[in-house]
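For reference, the structure I am asking about is given below.
The chains carry the letters A, B, C, D and E, assigned in the order they are written, with residues numbered from 1 in each.
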Amino acid sequence: MASWQWFHRLGSPRWFYEKTGGWLPWLTAVALVLLVLGTVWGLAFSPEDFKQGNSYRIIYIHVPAAFLALAGYYIMAVCGAVGLIWRMKLAFMVMKSAAPIGAGLTFVSLVTGAIWGKPTWGTWWAWDARITSMLILFFLYLGIMALQSAFQNREAADKASAILALVGTVNIPIIYKSVDWWYTLHQPATLKLTSAPTIHASMLYPLLTMVVAFYVFYAVVLLLYTRHEILRRESRTGWVRELIAKEGGL
Amino acid sequence: MAELLLTLEHLSCERDGRPLFSGLDARFHGGEQWQVQGPNGSGKTTLLRAIAGIGATARGRILWRDRAVREDLWAFRRSLLYIGHSPGIKGALTPLENLAWYRALSAGTLSEDSLGALAEVGLAGYEDIPCQQLSAGQLRRVALARLYLSSAPLWVLDEPFTAIDKAGVASLEARLAAHVAAGGLVLMTSHQEVTLPGVRHLDLTAFPPVLRDDEEGGYDG
Amino acid sequence: MTAETSSRAMTGTFGATLRRDLLLAARHPGDWINPLVFFLIAISLIPLGVGPESKVLAVLAPGVLWVMALLATLLSLDGLFRSDFEDGALEQCLVSPSLLYFTVLAKVVAHWLVTGLPLTLLSPVLGLMLSLPGGYGTLCLSLLIGTATMSLVGAVGAALTVSLQRGGLLLSLIVMPLYVPILIFGASAVNDAAQGVEVGVPLAILGAFLALALALAPMAASAALRVCVDSD
Amino acid sequence: MTAETSSRAMTGTFGATLRRDLLLAARHPGDWINPLVFFLIAISLIPLGVGPESKVLAVLAPGVLWVMALLATLLSLDGLFRSDFEDGALEQCLVSPSLLYFTVLAKVVAHWLVTGLPLTLLSPVLGLMLSLPGGYGTLCLSLLIGTATMSLVGAVGAALTVSLQRGGLLLSLIVMPLYVPILIFGASAVNDAAQGVEVGVPLAILGAFLALALALAPMAASAALRVCVDSD
Amino acid sequence: MAELLLTLEHLSCERDGRPLFSGLDARFHGGEQWQVQGPNGSGKTTLLRAIAGIGATARGRILWRDRAVREDLWAFRRSLLYIGHSPGIKGALTPLENLAWYRALSAGTLSEDSLGALAEVGLAGYEDIPCQQLSAGQLRRVALARLYLSSAPLWVLDEPFTAIDKAGVASLEARLAAHVAAGGLVLMTSHQEVTLPGVRHLDLTAFPPVLRDDEEGGYDG
């Protein structure tokens, strides 16, 4: 049992709250530095695209957001699985916090994509395979959030949405593959994306910076949400009351 | 007679984060009849459902014949007859068809004589009428007919006498007494006067909720 | 108590539940006629909205038939566990010694027999109404496999929303994204068949989906029922 | 007891019921978000079934937008009186001295505010997704009038099916034929507008439908409630 | 005190073509309290709903202060407080919000002091909690709070004590006694013992159904 001690403690919301309180400032600082660096680099110093002019620069938001949207779903689902298997309340709290962030990132990637589409394709929206999969991912997120909020009972809300998230993980690869297949089947000749290999290194490095920045930023936001969730759920316990008394009411 | 059947160890329940009772320790033996008491909202229904294994809101341990219920769910469920607030009767089916389905579900713990059981609860002549044409009390009687069929030792009954008229209550009480006399165990709630000889009382207000101060484990269950 | 009696008890549960649900459907014909009627009416609304030219309709037909079959299935799913939940029969399933898995499977099979199957049988007529040029056999076959898969996957959604007062539309939200692959392969099989192309691949993939759903969905649905039955 | 106090009591009922239903919608956001999401998802399924070519989609767009708005309204109607019936609030309305007419009207207005209105506001985005070439203003205006009419007419159907356990799909069956004229004029207004044609006439006709429904539907729904509340 | 309030003339009820009772004649005066009795399925609920004007299954005449109820529905409904099997309480709203809506609906026959009424039914402190978080008995108490607000003379109560604990029943009985003492009229059903002094009994089994042989009139109501 002793070897499980760390796991037990990891499962304790209080331990988590107190530990992450220390990490947060550092993570925030790293996220800010990377974001500023990537943005300035991407907007001011990387060259103009020869075909798309300056409008391509939106990839510095679009692509990292799209990456994280997908990764965020798996993070959420893994937390759900941990919560279901080990009955760990903290995992459910992380999972609940991950859903709106993931949905937000998906939405950002959809909107930036649409904004980008207008100058490049001359239309706000097209049923491109990647866009379509992204839209469906957005629906999956919405479903989980809606289910989560529909329950009055928190425990049921957690477990139900965890089950749904797991069902979703089985489905996501299938959905991606089938949308790809669908698109190649119908593909209209009029649209062509600039494909990945044409991205020049001078564009790639700021992009990579932004991707890393988004990951750290994601971690920060996830921690903030989770800490908030912990306080709400544990508001009746002694340590939260003490904390509130100490901080003079939040 | 005095075989120990069900043990509750340090059971606590909460609803939506509001604790209802805690530290409930109790030992129930064969041949006993228990009435769970407490004012409205004290958690009687929650307790009975937790014992029956519906809803995962309880923390603490529940033992059946000295083994944790979760370790041998199947054996426990074969020993249990639970009748809750809702009768669980399909309006479109007749009483006989309803009981037939329950028999299939019961894995052999309900006997075959549905007709006799319906007669016992005063529904002779109603066997083949769709249940939606029955009144509130008649519907409950269909559900309670299982009391005359079941060979399960543990009966968990949540307000079984709701909507039953006086003659009906008397004959149900006789049935409960017979079950107890045969070594069975009855756990029930009722806001009406229960006139069974030797009924014991479990008062939930004796186990007031305490606010859990620490959650070190982070596990529930 | 032996493995043998217990396995007999399991098949007993399956048979009894299937029989009960079919009996219920027979007593409440609305339950299975309504999805059919929805399918019929929703498809007849399309020409009213889009216009009557048969060339346009023929292009739409495979997609629209599949989308509407999907919606009809979806809408019928809400009742799958709902009434059992409301009258307390579901909690009796939970406390009974029978495996919930078989009860759920029986309910899903009954659901498919009274919605998916009639829907499939009706589809050629509606294909005619939308001037579908060909591929009627593929239409039926793809719907036959597809509706079964949709009943199975939908059962998970129905179980998750069973205790929610107005779960119907939430159920749609949860389940629709999961239906996307089925829709894509189903509609494109019909499309190919209408144009005389070979349809083995999409149909085989649909079959694979069915196998996967058959293996996983009843389990997920049982787990969901256990979690959700106590809460609202 | 005088005419004056009684008229005050009536407006009191209207206001209180409207407030109550909006409060309920605010507490259960699912009730009004779900139809929106249904609208969104159902429309996104269409390209998956039909194919992504924007030229084909543009032809379909007005019809599909209208059909799906109609279906979304329809599906949300089931809850209009259902929950009040189930928890006994409806029978309290029946025995109360207030005129049922105002209670019903208030419930319909609340229903439109939380479903028809948001649906209308969402429609331009979905129009974009279906490559609707133009006529976005007409799309909004026609849906604004049309959804209000559909809420009113649908209330009659909801009242008639309130006591039936799974009234949802029966409701569709009853109400859909009544929606056909609204659909035809609504979709053709959008179609015309997309092609730059004058749309005064269909919009005026839609307006006339609304006036008619406003005059008759709440009365019919009240009568239906009185008849149906006791029977199942 | 002895003012004649409600008269039933030759009332008969049926459900789905099956007659429940017939030829029921009864006169109810102010200051009286009546308990409708009969075994399960005898038609008590049906009778009370017919009096309240829900369901069109009754034939015969119902008079309020010697005028047919249908002739002045508004006056009758202002004089009536009906609480049926279902509590009619919205789970998403708080007890206060629920009562506020009932007040608006009541056209002035419910007074304003909801807080006081909730305190009377033992829900002080629960005023602002969504009702879905209340137990079965607490939910009924919210519905019954209207007894402390209503100025209507006629109270029709279908099993008001269901799910209410003993202390609650006692205080409700006191409230009914006060209403009766003030000249009101109470019609109720209950399968529990009612300990009110002077309660009168209307036994439905005394009016057995007759199969109507002819349907000459063809009118109902």
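Just so we're on the same page, a residue touches a chain if its C-beta (ideal position, glycine included) is under 8 Å from a C-beta of that chain, and two chains touch if they have at least 3 such contacts.
Values in this document were obtained by computation on a predicted structure and should not be read as measured data.
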| What's the chain with its C-alpha centre farthest out from chain C? | E
| note | Between A-B and A-C, more contacting C-beta pairs sit at A-C
| note | Taking each chain's mean CA coordinate, chain D and chain E are separated, in whole Å, by 36
| remark: chain B to chain D, mean C-alpha position gap in Å, rounds to 45
| message | Rounded to a whole Å, what is the gap between the Cα centroids of chain A and chain E? | response | 56
| query | So which stretches of chain C touch two or more other chains? | reply | 28, 83, 164-165, 170, 173, 176-177, 180, 184, 227, 230-232
| remark: Residues in chain B with touches to at least two other chains are numbered 15-16, 56-57, 85
| Which residues of chain A are in contact with two or more other chains? | 136, 139, 142, 146, 150, 152-153, 155, 159, 179, 182
| said: Looking at the complex, which residues from chain E come into contact with chain D? | reply: 49, 52-57, 74, 77-78, 80, 82, 84-93, 97, 100-109, 130
| said: Please output the residues of chain E touching chain B within their complex, sorted ascending. | reply: 15-16, 18, 38-42, 45, 85, 122, 133-138, 141, 159, 161-169, 191-193
| task | Flag every residue of chain D that touches chain E in the complex, lowest number first. | result | 5-6, 9, 12-13, 15-17, 20, 23-24, 27-28, 83, 86-89, 91-98, 103, 227, 229-231
| message | Applying the document's contact rule, which stretches of chain D touch chain C when the two form their complex? | response | 28, 30-31, 34-35, 37-38, 41-42, 45-46, 48-51, 56, 59-60, 62-64, 66-67, 70-71, 75-76, 78-79, 83, 164-166, 168-170, 172-173, 176-177, 180, 183-184, 187, 191
| message | Quick check on the complex: what are the chain A residues that touch chain C? | response | 136, 139-140, 142-143, 146-147, 150-153, 155-157, 159-160, 163-164, 166-168, 170-171, 174-175, 177-179, 181-182, 185
